[in-house]
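These notes concern the structure reproduced below.
By written order: A, B, C, D and E. Residues from 1 in each chain.
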Amino acid sequence: MKRQKKQHWFLMLFEWRGSVLRQILPRLGLMFLLSSAAVYSGGRIGRFHIPLNVAPFTLTGVAISIFLGFRNSASYDRFWEGRKLWGSLLNSLRALARQGRTLTGLPADDERLQQWTALLASCPHALEHQLRKTDAMSELQRLLPAAVCARVRAAHFRPMELTALMAEWVVERQREGRFGEIVLTAFDRNLDELANIIGGCERLANTPIPYGYSVIIHRTVYIYCLLLPFGLLDSVGLLTPVIATFVAYTFIALETLASELEDPFGTAFNDLPLEQLSENIEQAVSEMTGTR
Amino acid sequence: MKRQKKQHWFLMLFEWRGSVLRQILPRLGLMFLLSSAAVYSGGRIGRFHIPLNVAPFTLTGVAISIFLGFRNSASYDRFWEGRKLWGSLLNSLRALARQGRTLTGLPADDERLQQWTALLASCPHALEHQLRKTDAMSELQRLLPAAVCARVRAAHFRPMELTALMAEWVVERQREGRFGEIVLTAFDRNLDELANIIGGCERLANTPIPYGYSVIIHRTVYIYCLLLPFGLLDSVGLLTPVIATFVAYTFIALETLASELEDPFGTAFNDLPLEQLSENIEQAVSEMTGTR
Amino acid sequence: MKRQKKQHWFLMLFEWRGSVLRQILPRLGLMFLLSSAAVYSGGRIGRFHIPLNVAPFTLTGVAISIFLGFRNSASYDRFWEGRKLWGSLLNSLRALARQGRTLTGLPADDERLQQWTALLASCPHALEHQLRKTDAMSELQRLLPAAVCARVRAAHFRPMELTALMAEWVVERQREGRFGEIVLTAFDRNLDELANIIGGCERLANTPIPYGYSVIIHRTVYIYCLLLPFGLLDSVGLLTPVIATFVAYTFIALETLASELEDPFGTAFNDLPLEQLSENIEQAVSEMTGTR
Amino acid sequence: MKRQKKQHWFLMLFEWRGSVLRQILPRLGLMFLLSSAAVYSGGRIGRFHIPLNVAPFTLTGVAISIFLGFRNSASYDRFWEGRKLWGSLLNSLRALARQGRTLTGLPADDERLQQWTALLASCPHALEHQLRKTDAMSELQRLLPAAVCARVRAAHFRPMELTALMAEWVVERQREGRFGEIVLTAFDRNLDELANIIGGCERLANTPIPYGYSVIIHRTVYIYCLLLPFGLLDSVGLLTPVIATFVAYTFIALETLASELEDPFGTAFNDLPLEQLSENIEQAVSEMTGTR
Amino acid sequence: MKRQKKQHWFLMLFEWRGSVLRQILPRLGLMFLLSSAAVYSGGRIGRFHIPLNVAPFTLTGVAISIFLGFRNSASYDRFWEGRKLWGSLLNSLRALARQGRTLTGLPADDERLQQWTALLASCPHALEHQLRKTDAMSELQRLLPAAVCARVRAAHFRPMELTALMAEWVVERQREGRFGEIVLTAFDRNLDELANIIGGCERLANTPIPYGYSVIIHRTVYIYCLLLPFGLLDSVGLLTPVIATFVAYTFIALETLASELEDPFGTAFNDLPLEQLSENIEQAVSEMTGTR
C-alpha cells in the first residue's frame, strides 16, 4: 500500500510484488497442467469424450464477469471506507488537538496539554490493535502514565475508554474556569465525531460481506475454470493451456484480490498500512498541539 | 453473519453452511432431472422436437445477468444500510452514555446515572423486537423499573417512547441545575440523531424493494432455466444436465441470496445478528457510563 | 407497496398483482401475434424475405441491457430517495414533537401543545396533496383551527406555510419566557431540516429523468422487439413466438416498471403509499407529544 | 425539462421534441447513405472487398456499451447534482427568509424585511447569469436598490457578494439588539450553507468530465458506426442500412444526450430550466417572508 | 482541464490535445506492426500456426470491459472527489473570510483583517505544493509576514499549521472582546471543516487504488491485445491490423486515462489545474474580506 511511482507500461507487465500473482501461482500451475492433460487426451476422460465447446462458456462468462464486478465493487468500497475512516480519525484528532491548544489558553509546555496530547496520540494505536486483535499495551505504555494505562487496559473497548478519558479532561478544564459551556460542547461535538469513527471501524471489521456471496462467486469461478479447457479444445487446440490459464488468471486473481481487500484492516500486501497511519497521526497530533 | 476465518480456496468450494446451496438443492435437483429427461428424449416433448439452440440464451443471458446484478446491488445496499444503522445506533447510544457520565457531574454509582444507563441499554432490545415483530417485554423487564416498563409497553412505537423518556431525564437534570441550556441542546442533538436512526430502521423494515422487480426478475430467471436444457442439447449433448444445473445454480443462488439480504433484519443465516448486536450495545453502554 | 410476505418460489412465478404483467399484457399479445405471423409467412413480408438472423440482436441486446440497467438504477434511486425523504419527514416531525413536549415544559393537556401537535400532524397531509396535485383542505380542516386553515389555504406552498406557522409558535413560546435563545435555535435547526425535506420532495416531483433518456431507451426497446421475431426464425423456428414474447416481456416489463418508479409519489401499484405514510406520521407525532 | 405527462407507449415512439433525434438526424442520414452504398457495392471499396463480418463488432460492441454506460452515468450524476444544488438553493434561501421573518421580530411591512427579501430573491438570478455567463444586471436592477446594485456589479463573484450583503444585514440587526450572538450564528450557519451551494454550482460549471473521456468514447462510437455496415452485410444483406442506422441511433443518441446533460446549466432542451427555477425561488422567498 | 467549448462532432474525431492518443501512439504503432506481421505470416510463428479464432476473445473481452469499467469508475470517482475537495476548500475559506469581515466588526482596511486574509489566501498554495511535493515557500513569502512564514516553514504539515495560526488569530480577537464564546465556536466549526478538507486531500494523495488492481487489469489488457491479431486473422483477414489497432486503442486509451485520473493532483493534461484553482481561491477570499 505504499505509494508506488508510476511504472513504465512494459515493466508493469512483469510486476511481482503488488500483484496477487505470487499467491495464486500454484493454482494457475494446476490449471495449466489440467489443460495440458485435456489437450493430450484429446478432451477425453478415459474413453468418454467431453462434449463441450465454447458456447456455454460465453453464456456463463458474462454472468461471472458481472457478479465478480459486483464483488469487486463491494470489496473496494469497503477498502475505501476503511481508508476514509482512518483519514477522518486523523482529522478528528487534529481538530481536538487544535481545540486543546487554542481554546484552553494553556501554554504549549503545560503538563495538562501534554496529557491531552498523549490521550489523542494513543488513540490510533489502541484502535489499530483492537481491529487486528493484537495487544496494544506496549504502545500505550510508551505514551500514557501508568494509572491511565491501567484504566484503559481494564476496558473491553479500549479506544472508547480513551474518548471517555478525553471527555473527563475537558470537563476538568471547564471546572478550572478555562472556558464555558459553549466551548465545552464544541469539544463534545468533536468527541462525538471521534467516537463515530471508532464505531465505524469496529462495524467494518466485524461485518464481512455476507458469506453466501463469497461462496457462490468462488464456486462459480472455480467450476468455470475447471471445465474451461474442454470447452476451448475444439476452438484453440494446442493453445488451450495458454488461453485457459490466461482466463483463469483474470478471474481468480480478481476474486483473490477482492477477498483480500474485503477486510481492509488485515495485514496483506494490499491492505491498509495501519501501523504507518498510526505513527503519522501521532506525529500530526503532536505538531498541532505544539508539544513536539 | 459471524466473522468467518479465511478458508482455504479448495475447502471453500465445498462450503455448506454459509451458502444458500442447502436451500435451493431441491430446485437444482429438479433442474438436473428435467435436463436428463431432455437428453433422454433427444430434446423432444412427445413427438415435437423443441427447436432451440444456444443463440437465444446468449441473447437473454446477458440481460438476466445485468438485471440480476442490479437486484443484487440493491439488496446488498439494503443489507449494508441496515448494518450502518445499527452501527450508528451503537455510536449514538455511546455518545449519550458519555454525555450522561461527564456532562452531568453525577458519580458513577448515582442512581440517576443507573436509570440513564438502563434507558440507553434497553433501546436496542426494543428496536430489535419491533423490527422482527416479536415481544420485547422480557428484555425490557430485565432492564427497566416496572413503572417505566408499563409506559413503554403502552406505546405503539416503543423505541421512540424510550427516547422521550431520555429527553425527560435530561430536562430533569437541567432543572436540578446540573447544566444550562447549552448542554441541554447538546443532549438534544444526540437524541435527534438516535431518533433518526430508529426511524431509518423502521423505514428499511417497512419498505421492501418494489415487488414488481422481484417478480420480473424471478420469473425471467426461472423461465430461462426451464428452457435452457433444450438450448444446450445440440451444443453439449450428454453434459447438458451438468452445465444446465451449473448455470441454474449461479442464477438461482444469487436470486435467492438477494431476496434473503433484501430484508436484513430477518432471521436467515446471512441476515444481521440483531440479538448479538443488541447485547454488544448493552455492554458498550454500561462500560461507557462506568456502571458496569 | 405493502409489505409482502415471502412467497414460495413456485407461486411467485404466477404472481399477478405486484407485477406489471397485467399492464403490458396487450403489448405482449401483439408481440405474440406478430411473431406467429412471421413464422406463418416464413419470415417474409409480401414476397420479400427479411434477411435477419440472431447476430445483430446479440450486438444490440447487450447495449439495450446496459442502458436499461442504467435507466432502472436511476428510477430505483428516485424511488428510494422519495422513500428516504418521507422517512426523514417522520424523523424530523417526531424530533419537533419531542422538543415541544420536553423543552417547553408545557403539560400534555395544554392547549398550546395541542396546537403544536396539529401543526406537525397536518404537515405530511399537506405535502402529500401538494405532491399529487390534489386538494388537501379536507384533511387540514379536520386537524387545524379555521383561522390557521385559511392562512394555509391562501399560500401557494402550503407545507412551507405550515413551517412558518411552527416557527411563529416557537417564537411565541420564547417570548413567554419558556426558554432562551439557545433552545430557540435548537427548534430552528429542526425547522430547517423539515423545510429541506419538503423542498427535496418538491424537487423530486418536479424534475423527472431527462425526457431524452426515456425516449431513446423506449424507442430502442420497441424497435428491437419488433424486429426480433425475424431474427429468431432461422434459429428457433416454431418456438419463435414463445422466445420472442419472453424476451419482450423481460425488456418491456422492466422499462414499464422503471417508468412507474420514476415518479415515486404517483398512485401506481409500486409507488409509495403516501396516504398510509401520512397517517402513520400523524399517529407517531401525536404519540410523541403525548396528546393521544 | 418541463414535467411531461405520461405518454402512451405507442405515441412515445414518434416523440420529436424531447428526443435528440432532431439533432442527430443528419448524421443518421449519412449513416443510411453509407450503408446503402456498402450494400450497392457488395461491401467493396473500388475492387477491394472489405473482409468484415459481425464477430469483431460483437467484441467491441460490449466494450462500447459499457464505456458509454459509464459516460451516461457520469453525465446523469452531474445533471442530478446540478438539480440538487438548485433544490438546496431554494431550501437555503427559504430558511433564511423564515429566519428573517420570525427571529428578528420585524413586522412583515418593515422596510428592512423588504431589503432582506430583495437580497434573497436576487440571489438565484445572479447565480443563473453567472453560470451561463450572461448579464444579470436587468434582473438585479428590478429587485435591488441602486446603491446595492452598484456594489454587486463591481464584484467578480456576484452571488457571493450578495451573501456578504446578507451577512452585513444580519449583523446590523444584531447591533440593533433584535437578537443575541446565538441567533446571529444561526443565521451564519445558513449563510455558510448558501455559500456552499453557490460554490458547488461554480465547481460543476467549471469542471467538465475530463476531456479525454469524451474524446475516446466519441471516437470509438463513430469509428464503430463507420465500419458497421461492412460487418453486417454478410449477415443481414439488404437490411443492412436499416439495422446499421438503428444501432447507430442507439449509440450516437446516447452519446449526444450524455454530452448535453454533462453541462446541466446550459440551455439545451434537456438541461435545467434555470430561469423558471429562479422565478420559482423568488416567489417562494417572498411568500415566506410574507412580503408578497 | 480548462473548459472546452463544445466541438463539432466531426472535428472531435481528430482531437489531439485532450486525448491520450499522443501518449499511446507508439504502443498502437507496435500493435499495428505486430498485426501486419501476423497477416504477412498467415498467423504463423516460424512454422507453428497459432490456432486462435475470435471465440476466446469474445469470452475474455466482456470480462475485460467490465473490469476496465470498474477501474474507470474508481479512477473517475477519485478525480471527482479531488475536485469536490478543492471546491469545498474554496467554500470553507470564503466562509472564514466572510466571518472575519462581518462577525469581528473590523473595518476593511484594518491590519488585522489583512493578516486574516493573508492566512486564508496562502492556504490553497500551501496545500497545492504539499500535494505535489513541490516547494511552497515562494508563494508563502509573497503573502505572509516573515515571522509567520518561518513558523509555517518549520512545520511538517504546513497547511495544518496555517489552520493553527488562524485559530490563534480568532482567539486573539475574542480576547480583545470583539465577540463571545458563541462566535468563537462558529469560527471553530469552520476551521474544523477546513482541516477536514485538507486531511481529505492528503488521504486522496497518499492512497492510490490498490496496486493489485492496476497490475491485474494492465496485464490482462496487454496480453489480450498481444494475442488479438491471431484471433482476428480468420475472421477479418487483411483488415486485421486496422481492427486490432482499433480495439487496442479503446482498451489501452481507457486504461491509460484511468491511471492518469487516479492521481487527480498530478500534472498531466487531464488532472486538476491546482495552480489556477489556488489563484482563483486567493482572489475570491480577497474579494470576500473586502481587502482587494
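Quick note on the criterion: a residue touches a chain if its C-beta (ideal position, glycine included) is under 8 Å from a C-beta of that chain, and two chains touch if they have at least 3 such contacts.
Protein names from UniProt, one per chain: A, B, C, D, E = Bestrophin.
Note that the structure is a prediction, hence the values are computed from the model and not measured.
Novice: Count how many hops through touching chains it takes, at the least, to reach subunit E starting from subunit C.
Specialist: 2
Novice: Please give the intersection of the contact partners of subunit C with those of subunit D.
Specialist: Joint contacts: the list comes back empty.
Novice: Do subunit A and subunit E face each other with the same patch, meaning over half of the contact numbers show up on both, or with different patches?
Specialist: different
Novice: Roughly how many whole angstrom separate the Cα centroids of subunit A and subunit C?
Specialist: Comparing mean C-alpha positions, subunit C is 37 Å from subunit A.
Novice: For subunit B versus subunit C, what separation do you get between their C-alpha means, in angstrom?
Specialist: It comes to 23 Å between the two C-alpha centres.
Novice: Quick one: which residues in subunit B touch 2 or more of the other chains?
Specialist: Only 58, 62, 64, 66, 69, 182, 185 qualify.
Novice: What topology does the chain contact graph adopt: line, ring, star, complete, or other?
Specialist: Shape of the chain contacts: a ring, since each chain touches exactly two and the loop closes.
Novice: In the complex formed with subunit D, which residues of subunit E make contact?
Specialist: Interface residues on the subunit E side: 1, 3-4, 6, 9, 12-13, 15, 18-21, 54, 57-58, 61-62, 64-66, 68-69, 72-73, 76, 79, 83-84, 86-88, 90-91, 94-95, 98-99, 101-103, 105, 179-180, 182-183, 185-186, 190, 232, 235-239, 243, 246-247, 249-251, 253-254, 257, 260-261, 269-270, 283-284, 287-288, 290.
Novice: What part of subunit D is in contact with subunit E in the complex they form?
Specialist: Contact set of subunit D toward subunit E: 27, 50-53, 55-56, 58-60, 62-64, 66-67, 69-70, 74, 155-157, 160-161, 163-164, 167-168, 170-171, 181-182, 184-185, 188-189, 191-192, 195-196, 199-200, 202-203, 206-208, 210-216, 218-220, 222-223, 227, 256, 259.
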